[in-house]
Structure formats: C-alpha cells, structure tokens
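Once you scroll down, you'll see the structures, which are given as structure tokens.
Each of the next two complexes has chain A plus one more chain, namely chain B in the first and chain C in the second.
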Partner chain A sequence: MTDDIIVLTDVRKTFRDFWLRPTVAAVDGLSLTVRRGEVFGLLGPNGSGKSTTIKMILGLLDPTGGALRLFGRSPRSVAARARLGYLPELSYLHPFLTAKETLRYYAGLCGLDRRTAARRTEELLEMVGLADVGGRPVGGFSKGMARRVALAASLIGKPELLVLDEPTSGLDPVSTKEVKTLVKTLAAGGMTILTTSHLLGDAEDICDRVMILNHGKSVAEGCVDELGASLEDFFLAKVGKADDFKLAEFLKG
Partner chain B sequence: MRKFSSIVRATALEILSEPLSLLVLLAALVIAVLAPAFHYHQFGEATRMARDAGFSALLVCGGVLAAFGTLRAFRREIESGTLEMALAHPVSRRGFFLAKTAGAAVAYLVFAAIVLSVSLTIVEGAAVGGRLASASGDIARLWGPCLAAGLGVTVVPLVLGAVLNRFANCRFVLSAFALAALGGAGCAAWTAFRDGLLVLRLLPVALLLVFLSLVVVAAAAAFSVRFPAASSASAVGVVAVLLLPAVGNYCLSDALSGGGTVPWSYVGLAALATAPAVLLFLLLGVFLMDRHDLS
Partner chain C sequence: MRKFLEIFSLETKAFVRSKALMMLLVASIGWMLVFPLLAKGDGTAAGARELCIRYSLGGVFLLLVVSLLASATGSLARERAAKRLQLTLIRPVRYVIVVLAKIAAHVAVGAVVLAAACVVLAFKTDLSVPCSHVLSPVLPSPREEARAMYEEYMKDPETPEAVKRTKKEIVLRLLENRAIDHYQVVPTNTTAEWTFPCLPSDDRSVAVRMRFSAQYDTRQDVRGRFDFGPWSAAVTNITQAVVTIPLSPSRPLTLSSSHLLTFANFGSSALMLRPRKDLNVLVEADAFGWNLLRAYAALVAILALVVSFGLFLSAGLGRPVAVFVAFVTLAVSEMSPSVVEQYPDELETNLVDRIGLHITRFAAAATRPVSAASPIEALSKDECVERGAVLRLFLADAFAVPLLLSLLAAFALPRKQDF
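Now for the complex of A and B:
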C-alpha cells in the first residue's frame, strides 16, 4: 500500500470563458505530495489557487495539464472518493432537510446501510453537540451550527483522508478551538488531513507540513517546525506585505 | 442502489417541501374542483366538464411543476454548492444526475396522482350530483358532493398541516402535501369502490399527459446542468412548444364521451414514442454533467 495519498505533478488549471478563451491561470505547475497520516496545510492569500487545487483533488474540476492521483487513482474514481471526507469553505447544506436527515443523506451517498447510518448519525450529532436539535431543518441553523453539521457530514463515511477548506471559517473562538482539537484528535488517530487556511496561527497549531501558494504557484514548502521563524513572518517574507490598499494615503488625502 | 435511493428521496422531498409546489398543487385542485362548478355553462355535460377541468389541471399545472420543480432542484444544487458536497462522496456524476432526475419525476408523479385522484372523485361526484339535481330539479345540488370533496382535499390539509406545524414541529408544506396525498388516496378508493370502470376509463388519458410531463422533467434536468435558470427555463419552454402537437393527445378525452375509452395498446405506443425523447435528454444531461467543471 502506497504512503502517498495525494500526488500532484506539474498540475495546471486555466479557466476559460464561454468562447474558450483563457481568462485566468488559477494553478500553474503545482507539484505536491501528501503522505499518509500527516496534516498538510495549503496556505496563501485570496486568489492564490488553494480552493481550485482542492476542487481538482476532489474531482470537481479537471486539470488543464499535469497529473493528479488520489489514492493512486484518478480523482473522478468513485473508489478513490469513497475514502475521503470534505468540508467546504461554506457549509453547503440542503436547508429543507433536518440535521438528522442531512447526515443520513450523506450516509446514503457513502453507501452505508440504514442501521449503520442511523448509528453514525447519532454518534456524530453527539460529537458536534447538536443531538438536541437533530430534528430541526438546517435552514434555520446559525452559521456555526451549520458548520458543525457539515463537519459531521464530512466524517460520516469514516474517511481515511479529510479535506478541510478553511475549517474555522465563520466560527467563534470557542468553536474554532474545538475544531482544532478535533483535527488534532483525528490526526492522532491516523487520519490524513489536507487543510487550507487564511489563519496562520491555526495552521501553525495543527499542520505538520505546509505549502505556501501565490498566484497559483508554490513559493515554499516545508515542515512547520523547520521554518525557523513564526509562520506569519515566513508567510509575509514569501508572499509579500499586503500594502496595495494605500489606506493611510487615502485617509490622509 | 442505496446511494441512488438516497438522492431520489432527498430530491423528491426537496421539491415537495417548496411552497411553490404546494401553491401549484392547490391551484390544480381548485381548477379541478371549481371550474366545473360554473354549471350554467355545462350545456348538459356536467361529467365531461368535470373530466376536462381535471385533465387541464394535470396538463398545465403538472407541466409547470415538472419544469420549475426540476429546474430549481438542479440549479439550487449547483449554485448553493451542495453538488460539490455530494460529489465529494463516492457517487459518480452520471449516477447523481440520473438519480436526481428520477427524484424530480417521483415528485411530479406524487402531484399527478393527487390531482388525478381528486379529479376522479369530482367526475364521480358530478354523476351523483347530476342524478340528485335531476330528481329534485335543483341544479345547485349538482355540485354539493364535488365541493365537499374539493374542500376536503384543499382546505383540510392546509389546516391540519398548520396544526401539525404548530404542535408537533412538522414541516408545514410537507405535512400539507402528505395530507393532500392521503385525501387523494381516499378519493381514489371511494371512486374505485363506486365505479371501478370510471378509473380504468380515465387512467389511460391521464397517462398520456403524464408522459408529456416526463419529457419536460428530463429536458429541464438536462438543460439546468449547464445553463443558468433563466436560459434553462427558456430552453424548456422551447421543448414545451415543440411538444404542443403531442398535446393533441389531450383531445383523446373526446374518446371518453358516451362511455368510450382509450385502448391500452395506444397508451403503450405513446409510451414507446415518449421513451426516445426522455432518453435523448437524459443522455444530453449525462454528457453535460460529465464534461464540465462543476464549480
């Protein structure tokens, strides 16, 4: 069994308009490897290509060039996706389904039988602290509650690889800490985790290894412990300070 | 199979949970119940008026639900991002498309079954009321049974749905839909008990109209995978216009006059004619789903 869970080799993604003219190169020659059992962080400013990379790994976007393997297979392969869980940046849920129905729906998509689906649903609702409101439609949930339901949905199939796109987005400090603790617990249990984050402190807390993206390219990669500086300093040195806004001059003038 | 049934169930629930679906259902029931009540314009053909109103409701309101229910279910899935969540699970794109389309078809069939059941009752009620009116000379008695049944399947589900929502936290629209379906089943059973032949006479024509709407479901599913809601709706509109000649089948209800019927062999042929159109749109949808970035 290979230890390389995700392998990207010189992957490119260029978006095109209706007339097939290239509009933007979101990912440009990216190569990375995520190994079994590690927590890998994709960091970068807005528009650096993090989410595009994740969507290619999930098989939602097809690369324009290069090779991408997930568990040694194409990301479009159902067998490969049977082994992953995904938490998107925004908690995409069907508003008309209750929390229980939502989890049972995703359990059904994982092919779990009714009894297992019901048991896993109860366990996960308990884990994310929503057991009392499992019968309420998620359309009426707060952002934080919806995030917890989405997190539970990503874990319903007991995945080997968990892909988290901005996992703490929209959460209050207490919930953020709970999510970070959960990620550490899952990683300690042997789960491989790929995460993106704008919050460098969060990444520093949970990641074993990080890659910094800018304009669709990798500008640095390494273990968090070996960076020799705080992740924030390292990040700013690689990506550059965000001084484009000229806010002070605007306020003066 | 479990994956397929999960998607079918969630899609049917989604469409039937929409307030728009309940509104279309109520509109169809009101047309089926009230249109024949204009008894001064029946020209002595009360049951025919009742029958034609029911078929009109099934055709027009059913077409609206088939098109917009399907279209909204697909576009919302794509635009809200739930499609990303679903396809990050072990489900193939084509499997997801076919299951979601099947779910939209199930929602439409639930609607059609309710409207047809109520229409059957109204037709039977018109026959009963006609006899009462003839015996008493009071034409107003003609529609007593019809209006009672109509109120039973429209107002009662709404009121009970509200009560269930208030006291048992059940979802209002879904509860009202389920109760209307229950009322429809009761109506169908009553009609079948009184006149089983009537059911067998009207069912073939209703199936012809259902076939047309299934083509609309498949077309709406295929277009909405690739195009925004407005463009998809326009494309479905074009398909509906192209189907208009087939709506000539609707005139087959003439064949029901005087105790006549539409032969089942004709219904079989109509099903065979419908199948290629549905298949064509399903293939188009699978192709578009497979070939394009989904984000």
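Now for the complex of A and C:
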C-alpha cells in the first residue's frame, strides 16, 4: 500500500471562455505530495488556486496538463472516491432534508447498510452537537449549524482522506476551536487531512506541512516549524504585504 | 441498488416536500373533473366521451410533459449551480446511477399523477365499452410504391427532361407523398378488393370503417356491398362521410375463408378512396378498462423518454440553455410533421427554404417517437392500443433510449467544468 495519498505532478489548470480561449491560469505547474497520516495545509490569498487544486483532487475539475493521482488512481475512479470525505467552503445541503436524513443519504451513497448508517448518523450528530435537532430540516439551520452537519456528512463514510475547504469558515470562536480539536483528533487517529485556509493561525495550529500558493504557483512548501517563527510573517513575505491592496489610498480618495 | 434508491428517494422527497407533486395532482384531478363540465360536444354521447377522453387525459399528459421536462432539464443544472451536485459526485457512486435514479424519480412522479388522472377517468366513463383492433389493408409501403412509380416515370418518353434531371431522392420523396394519398377508383358496377392481414378466429363483431370520395369533391350517393370472409353488409350512404358499417355473418367461418375485403359498387357513379387512409376493418377487442391500462403504460414510457432527454441536456448545459433547447425540441417535435407534410418539395428552389426543410425533416424523423406515439387519440376513438406496440414503446422509450441518454449524460456530467 502506497504512503503517498495525493500526488500532483506539474498540474496546470487553465479556464477557458465559450470560444475555448484561455482566460485564467488558475493553477500553473503545481507539484505536491500528501502522505498518509499527515495534515497538509494549502495556504494562499483569494484567487491563488487553492479551491481549484482541491476540486481537481476531488475529480470535479479536469487538469489542463500534468498528472494527478489519488490513492494511486484517477480521482474519478469509484475506488478512490470511496476513501474520500469532503467539506466544501459552504455547506450546500438540501434544505428540505432533516439533519438525520442528510447524513443517511450520504451514508447510503457511501454504501453503508441501513443499520450502520443509522448508528453512524447518531454518533456524528452527537459529535457535532446537533443530536437534539437531528429531526429538523437543515434549511432552517444557522450557518454554523449547517456547517456542522456538512462536517458530519464528510465523515459519514469513515474516509481515509478528509479534504477540508476553509473548515472554520462561518463558525464562531468556540466552534472553530472545536473543529480544530476534531481535526487534531482525526489526524491522531491516522486520518490524512488536506485543508485550505487563509486563516494562518488555524493552519499553524493544525497542519504538519503547508504549501503556500500565489497566482496558481507554489511559492513555499515545508513543515510549519521549518518556515520560520511566524507563519504570518513568512506568508506576507512570500505573497505580498497588506498594503498591496491599496485600501488606505482608496479611502483617502 | 442502495445508492440508486437513495438518490431516487431524495428526488421524490424534493417533489413531495416542495409541494410540486401535490400541485400536479390537484391540477390534474381538477382538470379531469372540470373539463367535462365545460366542454361542448357534438350532442351525442359517443362524441362527448371522445372529447372527454381526448382533452381531459390529453391535458393532463401535456401538463406532465411540460412540467416534468422543465424539472428534469433543470435538475442537474440547478444542483450544479447551487454547488450541491459536487457533494454527490465525490461519493463512490457511478455517474450513470445518479442520472438513472433522477430519471426514475421524475417518471415515478409522472406515473403517480397520470394514474390519479386515469382513476378519475375510469370513474367517469364506462369501462366495459369494447375497443377495436384496427386492421389496415396489406399494401406495398409508400416507399416501395414510389420506387415502382419512379421506374415507370423515368421510362416514359413523355416525362419532362427537367424531372429526369432532378435528383432521384427528391422525385422519390414526391412520389412517396403521392403514394400515401394515392386514390383508387371503383367504377360503377365493378368490385374492388383489398387483402387484410387476418380474419378474426371467433365470432367477435367486425365492422368496416371507410370514407369514399367522388371526383371534384362533390357529394354523391354510395350504394354497394362489403364482403369480408363470412361477414357482409350492404352500404347506403354518401361520399365524404366517415362511416363505420357493422358486418353480419352471412355464412359460417371456415379455414379457407378469404382474407379479402371486397366492395361491389352498385351506385350510379364511380367512387374513389385512399386505401392507406380511408379503409379499415375493425375487429372487436377487449374492454375500455384494459385499453386504458395499456394507454397508461404507453404514456409513462413517453414520459420516460421526455424526462431522460431533459436530464441529458441538464448534464451538459447550463439551466437556461438546457430549458430553451428542451422546449424548442418539444415544439419542433409537435410541429415538424405537419410542416413536412404540407411543404414537401415545391419550395426547394430557394436555398434558405431548402435548408429549412432539411432541418425540419431531420427534426421530424428524430422526434417521431414522441410526436407519433401518443395513444390518446386511439383511446378516445375506442381503438385498441395494441399490446405489441406498447411493449415496443416501453422497451425503446422507457429502457433503451433513457439508458443510452444516461450513459451520454454520465459522460458529460463530470466534464461540464462548472463546479
């Protein structure tokens, strides 16, 4: 069994318009390897290609060039998808389903039998603190509650690889801390985790290794400890300073 | 199977909880109950019955075609736009299962609404009224007849050179149209005969449905006698009227009985008829209740075809484009046959007209399974919706074509790079 869970080799992704003219090179020659059991962080400013990279890893987007393997297979293979869990940036739940139905639906898609699905649903709702409201439609949930349901849904199939796109987005500080603790617990249990974030404090807390992306290219990669005393300083040095946004000048008029 | 059922269940829950199913049921049952009160027939009970079946059940079917096509066409596209589709596609489920389950859920909703409409119809009509097998004379196909006419036409020295130079395909198409409307003349005091595929093997009632014409479309008396195996009937009527004449047994049915239908014209003038359009033998079949059941199966099969086409479009196109293409295709499928029939080739001198006709002919041929398959007209006329035809329709429209479209949709689904 290979220890390289995700392998990207010189992966490129160029979006094209209706006439197939290239418009944006979202990812440009990216190579990375995520090994079994590590928590890998993809960091970068908005538009740096984090989400595009994740969607290529999930098989939702085709790379324009390069090679991409997930568990040694194509990301579109059913066998690779069976070992995968994904928490998107927003929850994207079916509003008319209850929290329990949502989890049972995804359990069914993961191939769990009804009894196991029911048990896992109860466990996960308990874990994310929504056991009391499991019978309510998720359309009426707050953003934070919906996010917890989505997190539970991503874990329903007991995945070997968990992909988290901005996992703490929309959560209050208490929930954020809970999610970070959960990620650490899952990682300690041997789960491989790939996460994106632009909250550097979060990444510093949970990631073993990080890669910093800017304009679709890797500008730095390494263990959090190796990158310097402060990840924030390192990040700003690599991708630009805050005043690059020229906000102050704009406000001055 | 579990994954299929999960997606099927999700889709049906969406129909139920969004109240779409309830609205469709209320609209359909309401229409079935109200339409007969509003419709004005020709004053006869049979006319009222035909009107009621054709437009009440037809109205419900049209409602289902339009609403399910709109829903299916938006289904995947809407989920993709709302980013929900990605959460299904990253699970270990084959894309073709996703598409097939969605098709099945839409068809199930259509089948439930259609069943409710049929139950209302069953309560409002006499289920024991017998329907009839409609037999047509055994004739060469219009294409074969056109080919024979073409050979003769080209050998004829009086055929204009311009026609001889015209492409064979165009002349054949014109001759084929002529063959469909080919009139056979029955001069006075002569007997015309037509072969039919079979004779009823028992004592079921038999009738002839015919429509005679006269030269210059004037009304003339029709006087004559039909004979078909052991059955016969005298005819006294006028031209232009569509008349069903019951035949009575005049001698016992034997194995050697002829399959020939003969008509002896005793009238004072020659009569004309188009054997392909104006002449049928009607043989008593089973009751209306069974016919309704077969028509229901055929309608569900057509819904499956419509829905699978909508989902196929939805897999590869954005919602507005998919909906536009679906409804244009639906409109073209309904209109193109009459356009093709009414404007055969005379307009082909103009390039734009020629291109238009080619496109319309292609659309008519491609969408014939939907435009020509509806059993509602046959049901309303108490003609038998034949079991074999329903089976063929079911195999093609509810299995083969949806499966093919699902495979194509499954191919397109992950390649629509819009996540």
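Going forward, the second predicted complex is superposed on the first by the 247 of 253 C-alpha atoms of A that agree within 3 Å, B and C clash if a C-alpha of one lies under 4 Å from a C-alpha of the other, contacts with A are read in each partner's own complex, and residues count from 1 in each chain.
The criterion applied here is as follows: a residue touches a chain if its C-beta (ideal position, glycine included) is under 8 Å from a C-beta of that chain, and two chains touch if they have at least 3 such contacts.
None of the values given here were measured: they were computed from a predicted structure.
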Side-by-side fit of chain B and chain C on chain A, or clash: clash
Contacts of A:55 with chain B and chain C, given as first, second, both or neither: both
Contacts of A:45 with chain B and chain C, given as first, second, both or neither: neither
Touching partner for A:66 - first (chain B), second (chain C), both, neither: neither
Touched partner set for A:29, first chain B, second chain C, both or neither: neither
Which superposed partner A:135 touches (first chain B, second chain C, both, neither): first
Overlap of the chain B and chain C footprints on chain A, listed as residue numbers: 55, 58-62, 76, 78-79, 81-82, 84, 86, 88, 90, 92-94, 96-97, 101, 105-106, 108-111, 113, 153, 157
Interfacial residue positions of chain A with respect to chain B in the complex: 55, 58-62, 76, 78-79, 81-82, 84-86, 88, 90, 92-94, 96-97, 101, 104-113, 135-137, 150, 153, 157, 163
Residues of chain A touching chain C in the complex: 15, 55, 58-62, 76, 78-79, 81-82, 84, 86, 88, 90, 92-94, 96-97, 101, 105-106, 108-111, 113, 153, 157
Contacting residues of chain C [partner chain A, same complex]: 2-3, 5-7, 9-10, 13-14, 17-18, 82-84, 86-94, 414-415, 417, 419
For the chain B and chain A complex, residues of the former touching the latter: 2-3, 5-7, 9-10, 13-14, 17-18, 80-82, 84-93, 169, 171, 293-295
